[in-house]
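Here the structure comes first, spelled out in structure tokens, and everything after it is commentary.
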Amino acid sequence: MRKTMLIKNGHIVDPSQDIDGIGDIIIEDGKIKEIKLKGQGSKTKGQEMETIDASGLYVFPGLVDMHTHLREPGFEHKETIKTGTLAAVRGGITSVCCMPNTNPVNDNRTVTEFILRKAFDEGSCNVYPIGAITKGQKGEELAEMGMMREEGCVAFSDDGMPIMNGSLMRRALEYSKTFNVPIISHCEDLSLSEGGSMNEGALSTQLGLRGIPYASEDVMVARDIILAELTGGRLHIAHVSTEGSVRLIRQAKERGANITAETCPHYFTVTEDAVKGYNTNAKVNPPLRRQKDVEAVREGLKDGTIDIIATDHAPHHKDEKLLEFDRAPSGISGFETALSLSLMLVHYGVLTMSRLVEKTALHPAKILGIDKGTLKAGSDADIAIADMNKEFKVEQDKFISKGKNTPFEGWKLKGMPVITICKGKVYDCRKLIGG
Amino acid sequence: MIKELLNKKDIDRVLSRIAHEIIEKNKGIENICLVGIQRGGVHIAKRLSAKIAAIEQADMPVGSLDISLYRDDIGMRKEQPVVRRTDIPCDITDKKIILVDDVLFTGRSIRAAMDALMDFGRPAEMQLAVLIDRGHRELPIRADYVGKNIPTAMSENIEAQLEEEGLEDRIILQAKE
Amino acid sequence: MKDLIGIKELSKEDINVILDTAASFKDVLKRDIKKVPALRGKTVVNLFFEPSTRTKTSFELAEKRISTDVLNFSVPTSSVVKGESLLDTVRTIEAYGVDFIVIRHSSSGVPHFIARNVKASVINAGDGINEHPTQALLDAFSIVEKKGGLNGLKVAIVGDITHSRVAKSNVYLLSKFGAHIRLVGPPTLIPDMAGYGVEVFYNMEDGLKDVDVIMMLRIQTERQGKGFFPSTLEYFKNWGLDTQRLELADKDAVVMHPGPMNRGIEISSDVADSAQSIILDQVTNGIAVRMAVMYLLGGAKENA
């Protein structure tokens, strides 16, 4: 017996098919069967199937989050694949890519296989591992990208441990061409950021915190762009936070460089002011920057310089954030606020809904070369349904994620995911409450 | 409801009498030092010393003493009392000290003043002069010179308003708010 | 007021009250018996996560002279790294029943963090490169003592401003009182202090011209070799205070230093020992100011 489901009367947004209008979606056995837009063809009969009334709601491909930390294996006190993927689902995210900085590091096919098996057994959404570029993320020798690729890694990155050695980065970009996979670069010149724990400027002086200058990011963005142009490798620049990076990427794209770029909700939403009072939940790397950087990032999203939005979901245990500011770990638990913060961009007129869906689902899927981020007939029914006008307060204690570390605690946001459909299951996001 | 107990003239008369009493009791002013307790006592001490000097045709040292750091209720109030100047102009060891205050009430300020003074030396003797004694002592302390005894209720306040504080000289009684 | 966390958090009025009260305590320190019973029965813990001799001694003397019971708890940060968290350490100490926690820590913001988590009064004795509020208060007290006030004074702060919590607290205090602040030093050691009306001088001679107060800062010799300046010799040649340079300042200018001094590196001996130096007054005043701070914070606590 085939299992069919109907999502009725929602505002469907699917940039992969240029769809932006009211209509119905029919799902059969976890795959999209058909989209019927209003005024096209016969009305769908819904008597005999499970029906979701999406009147007044947006229906779009579930988010493909290509920058996350699920912490398993090794740091299960911060997050597990089980809790992380369920938190993702609560946030309208249906696919996540997890960074390799686990313990052991995901720098070989055994760890990749472990993650995928765990995700298959316990994951609520799709999990795509990212392998390390170098063994142990040490920046010394290349890891076995080919074998990890074969096992299921979709991209490679040393993430928080940027490869300072220019020659090695060059080789990584060259070598990755064999498998046509993106190299994701966390752009940070460690010698410039050394000892820093927030953005460098008048505020860091005022708080007595050592600063991380914007140059620390910009210098590496420039280097990596040049190396990408030299090698022809596919460079994806992670979490763009500065005005300078946006400018460098824009110029590079104008030249036709084969690069893509991402940013995270916190970089287009808050400034370094969130750190005031030594709020370790606002400590993140790269650090929150100034207003002009926030504006430049928004501009970059608007004009297409920045291709995608990812969360850089980085959960930490409460005790780890209850530390001296300079000793607390960096990171924001982002799954459960990302879509709402992104919807704010639609409210502000920075992006249309359709452009937003490109950046949260379609583009990441394309960069990763995975068959996601679309509602085309035959694709997996990974769907997010959101109420654009629902106002709510961010409450970290209700996060499903083990990481309650958010600088948005108590914020009032407008627009939230209400239903997520993933791997054949329907989740009511409003009823998913953690503790 | 404010009731005036002493006016400018009354205060002056009372202080003249105390000046005479001090001279009489101590058979002159040799070896005497007046020490006023901040704030009202300081002004009274100065006035007394002027009167005594006029009678005896000789000056005596006059000091001021702040007792904030010797109070027994520190840490019980939300705001700490303002610490004012202490100025003891001579070595008090073997001197006759006459402590001066405006209103004598529980005796706790006098206890603090005695402790404070003892940190400056070992006086030969200490006497106490007050403008008003309103009763309700909580410690075994009595004044050697009293301007006026005024029986009061605990619910009342007595305030010595003095010219030195920019007010008109008078002693008033009012109900506590 | 429950805590003294930083000068930034104080109003001008708060500072005036502290300085006035400190004057009374300075009188106490001139007596034969230098101790008053004001905080009898209260307990202070000196919680030093960073080695310190001067500040700790000054606090300890102040604490004893205001009759508190003093507990010293020195923890090298390295052993904290291995063992219990800062919060656990502090909660343990609070369970001893202390009324004041005097804290020094190499991480900025730690006093703020502790103050939020304990009922005891927290006094910042220096946090990272953020603030050292009692030092700025004693510096202000010392300047007022010599100059009668702060408004309109030209004050040059010379040296490693970036890593100096003393300099920062002084800038915050002086700017509240309308002093003209000059930051003098190598560009590598002068941070962005926009918003505090400071003037920056890389040239020592220009920076000292006609100033009323010169605050010298200790140069950490470790900075050499990290690219901040090439050698102490070159540093002294460019930013050291010697008699010749002192002559550029107002003839009644006073010279200050928070100690410990590096003679011949940031200040020459003849300047340090000159009649214009008030470095030792700063030491004495430090005790009075710290007594005043403790006295003023010693009022009843809301949740005590």
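Each chain carries a letter (A, B and C) given by its place in the written order, and its residues are counted from 1.
Here is the rule we go by: a contact is a pair of C-beta atoms (placed from the backbone, for glycine too) under 8 Å apart; a residue touches a chain by one contact, two chains touch by 3 or more.
Just so you know, these numbers come straight off a predicted model, no measurement behind them.
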| When you check each chain against chain A and chain C, which touch both of them? | none
| remark: Averaging each chain's Cα atoms, the one nearest the global Cα mean turns out to be C
| Where the centre means the average of the CA atoms, what chain is farthest from chain B? | A
| note | In whole angstrom, the CA-centroid distance of chain A from chain C equals 45
| field | Separation of chain B from chain C, taking each centre as the mean of its C-alpha atoms, in whole Å | value | 40
| Between chain B and chain A, distance of the C-alpha-averaged centres to the nearest whole Å | 76
| Where chain B touches two or more other chains, by residue | none
| query | Residues of chain C touching chain B in their complex? | reply | 17, 20-21, 23-25, 27-28, 31-33, 35-42, 66, 99, 292, 295-296, 298-300, 302
| request: Note which residues of chain B are touching chain C in the complex, please. | output: 66, 68-71, 74-80, 82-87, 115, 119-120
| task | In the complex, go through chain A and note every residue touching chain C. | result | 200-202, 204-210, 277-278, 319, 322-327
| query | How about chain C: which of its residues touch chain A in the complex? | reply | 8, 85-87, 105, 107-110, 112-113, 127-131, 162, 165, 168, 191-195
